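Going in written order, the chains are labelled A, B, C and D, and every chain counts its residues from 1.
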C-alpha cells in the first residue's frame, strides 16, 4: 500500500518526478465556496523556489501552477482541485553517476531495495521538488485557515550553532521573516546565519538547522484522541518532509530535565492574556504545552519545531558503494542548497496548514 | 471524524475509559497462522502495569487480557482479534475535584472544549490506562516481527539530567533493561536515575526523561513515499502516546549543528559490519540516519527517541480555573508515577512494533 | 488488508464468532451529545433475533448488549462506543460434520481457501450472528437520523412468487410491518407468504425473497461524487450482508426496458407534493430515481431493494466434497430459518441507517 | 469528506470536468515492475469513446492519455502513476440553458443542493466523461490481472426487451463482443438491439439495458469479510458509474423465487469441470453463486450484471423547474447516446478490474 495521499478530510494526493513531464496534485475535500485562483498559490511557491538568493541553489525551476479543476468562476466548487506543474529544467546529464552509485545520505539505495529499481534522474520521486505540490496545497489550506482566523507562520530558528532570539513567537510577522534571505526574524542572528552559510558553501559543505512554526488563532478542540492527536499528526506531517530528523512542540526535548511543578502551565482567565489571546474564555499563563493538551488544541498558540539535516548533496567526493556493493567514490553534481532551512520554511508552513485544515474539518463532526 | 484506529493494514481500534467496565481492543488485519494466546500478551502488560516498584504508581490495575475472537486452536485465523480488559480499581471518589476544575497539564479543558463535556472519572478517555490496549496489540505485533527476524527493544535513556551511556544501542538486551526498575541498561546511570526519582517524589514533584527505542533486523525497503515515510509514521506513533513532546531518530536534533560532510553515513559492503549486520549486501559505516533514508528503512538498525514530560499530576496544590473560568486551586488526588519513563518503555516498544508490522505488510504489495 | 470496519466518519468495527465468548463492536465517530442507553438498542435486536416465531429459527440467542464506553451520564461523549454481546447458545456439537465437508452455498470452502483454515463452529466469522453488531450500531445511527428528521423503515416485499402490493412505500408504518411475523405490511400478501414459508419448511427446503427499504426526510445533498455516491455506498452496505445477491434502487432493473421519456422524473415545485414532502423547495413528480440523482440524494424518499437468497442450510442431504476434494454427502444440522427475509428487515434497515449517518456527517464538510 | 478516490491498495484518484482544461488521474499503489506505456491504455479508451458508430453520440472527444509519472523505462516503478487527458471539444455554448434550469434525470439539482452552486458546462463533474480516467486506470488493472491469469470481459446482455442468449458467459470472446457496434456477442440479438436503438433515436428517445461482466481465472480467496466482501465492493464499483440503478451477481434477483434445494451449487472435484476450470482442486457443478460465497471468490467465474437506465438527455422538450423552483420547459442540447450500453461495457470492465486488483493485493496480506 503506497503512501502518496496526505490527510483524511482535506486529502492531498501527489504524483510526479523531477525529470519527467511534471507534477500532478489533487486536493480532494476542499469545501465549496472558497475564492481561489492560481495567483493565490504563487507567493508561497516563490518562497519555496530555488535560486532566490545566493543562499539557495541556483537551479531554475518553473513553478507556475495550472489549476485544471475544482474552481469555477473564481470559487472552489466542492469537486477535486487538480493542479499541474510542468518541469522545465531537466538537465539530467548532471546526474548520470547516481545510476550505479549510491549517494550517501540519499534515498537511492532504499528505493532500489524497495522497488527493485528506480528512476535515477534527479532523485526521481525522492527529489525535494515534490514539495512544490505540498506548498501549493498548503496555500489553499492557508486560505481556508485565514477564513477561520488561523494564521500559520514559520521561520528559521537555528542554523548550525547560531540560534535566533525570539522573544514572542506569536509576534513575528511575515515581513520580518522575509526581510532576509535566510528567513530568520532576528536580524542579528540572521546576519550570522548568512555568514555561516556562506562559509559552509565556500568550504564545499552544508549545514543543518531548526525551523520553528507557529499557528495562532487556533480554536480549542482540534485533534482526535487517541491516535490522531494533533501533536501526532503535526509530527507526521513535518517528518514526512525530506531531511527532517526530529520534531518537537512546546517545551519539546527540554521536558526531559523539567520538573512537573515547573512544567505545568497554569490555567488563567482570558483577561490575563495579552496580545496572544486564545479563542475561549480560558488561557494558560505560559505555553510550555505548545498549544496542545492531550493532543487537542487548547486555544493557545501552537508552537513546534523541526530539525533539518545538512544537505546530503555536497560538492565533494564521498566514499560509497556501487549497486553491486563494491566500494567506490562519488562526486554528486548538480546545484544544491548549502543549507535547506530558508526554503524549508514554506514547506513546513504548508504541512502545518494541511494538518490544521484537516482537523478543522474533522472537528465539525465531533458534536451534535 | 474520530481517531481511535491506528494503522492501515494492521489496524488497531480501541475503546474504553479508566473507570467504566473496561477496555475493548480490536486488531484487524493480523495474518492467519500466527501462534497466539492471551499468555503472549502478559509479559509486556506486566511491564506497563502500575505498582511494579516504588518508582511507579501504587494503583492496582487488573490487566488480564481476554481474547474473544481471532484465534482458533492456538493460531490467528485471519478474522479480527477482539481483546478485553476489565477495570478493577475504580475508586472514582478520588477524582471528584476535577469535575469542575481543570488540572494543569491535563486534557480536561481540551476535552470539554472539543465535546462540550467529558467523563471526569480518572481522566476518562485521556487516561493513560488506554495504553493497555496498545501494549497488548504491540505484543501481537512483536510476535509477527519475531517471525520476520525483527526485534524491538526500548530503554530509558535519560531522566532529568541523568543520561545513560549506551555504547551500542543494538547490543542492549531485555535482561539489561529489566535488571532495574527504572529500565535503564546502564547500571550506573540507573542507580542515579532511581535516586533522582526518589528525591523528586519526596519533593512531591515529578520529572521527565527520554526513552530510546531500537529495532534490529529490519529489512530494507519499509516505508512508503512520500507521506507515509517510516520516520513519519514512527513519529506519529510515539507522539500519539500521552506525555510525549518530542520525537527524533538517528542524529536527531543534533543535525542542526552538523555539517553534511560529517553527517552523511558512508555506504560500505556488508562485510565491514560487525554484530549489527544489516539484512542486505550493503550497509553504512555509521548510523546517523537512524536506519532510514528518504523515510525508507535502510537495513541498518532503527534508532529513535521520545521526549516524555514530567507527570502532570503532582501531589501539590496548583493554581487553575474552574469550568466557568474563575481562578481557584486544585490538589490532584490519586496515585501517580513521579516519573513516567519506566512504564513508558513497553508503550514505546508497542508503538514501534505496530508501525513496523504495518509497513511489513504494506511492503508486501510494492512489487510484482 | 482485512475488512471489518464499515463507514468513513461513522465507523463500525466488529469482531467475534458465533461460538466463541461473544462479539465486540466499536463505533467510532458518533458525535457527542446523543442520548443513548443499552435499552435503545434492544427493539431492533429483538426484531433480528432468532426464535421470534415459527417462521424463524428456534435457536435461542442472548442478544443483550453491554455498552462499555462512549456514553457518560446517558449521553454519547464523543469517545468510541464499545458494545459487547456474549454468546449463550453454543451447542457446537451440532456442527461437527462441517469441519471436513463443505456445506453447499456456505463460505466454508472460501474461508479455507483464503486463510488456510477456519473456525468451523457455527460458521465462525461467516455466521449471520455477526449482524447483531450491525443492528446495534444501526440503532445508534437511527437515533442520530431521527434527530435530523430522517426515518428508515424496511419490510418484506417478496417471498418466492408472492409480491406485496405497496401503494406508497413512504406511507408504510412500523406497526404495519410488525403486525405479522413475516414483516410484510400488505396483510393479504403477508398471509400468503406465511403459508408459503410454512410449506417450504415442511418440505425441508427454504425460499428467497426481496426486502424493500425506505428512507424519508433525507435532505438533498448527501453522497460524494464520483466514487462514494450514495447509491454506491447503499449498494455496498446491503451487499455486505449475508445472502444478498442483488441491489437496486428506484426503478431498478426495470430501467432496462424503459424509455428515457418515460423514465425521467419531472421536477416540480414543492407545492405539488403530497404527504411525501421533500426537504427543499423542489421535488419530482414521480420517484423512479429512488431519491438519488448523480448518486446524490434529491430530497425525495430513498427507496431500494435487496434480493436475498433462500437459506443455504436446509435439512436435507446434499452432495458436496470433503476438504480433500472427495465427493461425499452432507446433512447440515442445527436450526435454520426456512426464509431469511423476516429477520433480514432490521439488518437491512441498519445498513441503510449506517450509510445515511456517515453521509450526513460527510456532508457537513462539503461547504464553507 | 469528498469521494474521488477508489480502492484501498490500488487507489485511483480523479479530478476534472468535461469543459475545463482536462482530467487528471493518479493511480497510487500499482506494484513496481509492470510493463506499461500509454499505448496500453488506448484500446479500452477507444471502446469508451463517443462517436464510434451511429449508435453512440457523435461528440468528438480527444482521449489521448499522457502518462506523466510512475513509469520508468517502460515499467512501473512503484511511484504514483499520473495520467492526463486534455479536453478538446468544449462547445460549452450548447449547454447554456442548464445554468438556470434543472435537467430531468441529471445531477444538476443535487449538485446545487450539495455545494450551493455548480459548474454547468457539460454537467461539470457529473459528466460521464469522467469515466475516461476509470477506463485508463482499469486498463492498468487489467494488465496486472493478466499477469495473474485473470481476464475481465463485459458485453451487452439486454437492450430494452431484447435479451441476448449467452449459453456460456465464460466462452464469450473479445472479438465476439467487438463484432458489432452494440457489443452484444449474440449476433441475432445484436441485430435486434441495433434496430431498437435506431428506432429509439429516430423517436428522439433513449432506452436502457443490462451489461453482464465476467471474470475468469480468479483465484479463490479474494474478498474481505465482513464488510469488504468482494460482492459488496463489486456492487459499489458498478453503482458508482453514472446511470446504474441495479447490481446483481450469479442468480441475482431471481433468487427471490428460488428454493434452497435448487439454488445451492453442489461442490464437486475439479475433474468434473469443463472449459470453465477453477483455480483449485474444488469446483461447483453450477454457478448460481456467481463465483462468490460468503463474499469471497470461490475460484468459479465471477458473473455480475448492472442495470443501466435510458440516457436522461433526450432531444425533446421536458417539463422541469428553474433554480428558483418555477415551472418551465427545457430542451437539452448537445449530442447524446440514445443507449448507453455499448459504451458502458469498457467502463464496467474497468470497475470490475479495479476491484479485483485491489483484492488481489489485499489477499497478499491475509496469511503468514
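The criterion applied here is as follows: a residue touches a chain if its C-beta (ideal position, glycine included) is under 8 Å from a C-beta of that chain, and two chains touch if they have at least 3 such contacts.
Owing to the predicted nature of the structure, the values given are computational and were not obtained by experimental measurement.
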Contact-richer chain pair (by C-beta pairs counted) among B-D and A-D: A-D
Remotest chain, chain C as reference, centres from CA atoms: A
For chain A paired with chain B, centre-to-centre distance based on mean C-alpha positions, whole Å: 26
Chain centre separation in whole Å, for chain D relative to chain B (CA means): 46
Between chain D and chain A, distance of the C-alpha-averaged centres to the nearest whole Å: 40
Residues of chain B engaged with two or more neighbouring chains: 1-5, 8-9, 14, 29, 32-33, 78-79, 114-116, 125, 225, 361, 365-367
Footprint of chain A on chain D - complex, ascending: 1-5, 8-9, 11, 13-17, 20-24, 26, 28-29, 32-33, 66, 68-70, 72, 75, 77-82, 84, 114-119, 124-125, 361
Chain C contact footprint on chain D (complex, rising order): 1-6, 8-9, 14, 102, 104-107, 109-111, 113-116, 125-126, 130, 158-161, 200, 205-210, 219-229, 231-240, 242, 244-261, 263-270, 280-282, 284, 289-290, 292-299, 307-314, 316, 318-321, 325-327, 361-363, 365-367
Residue ranges of chain A touching chain C (in the complex, touch as defined): 1, 9, 29, 31-34, 78-79, 144, 147, 225, 361, 364-368
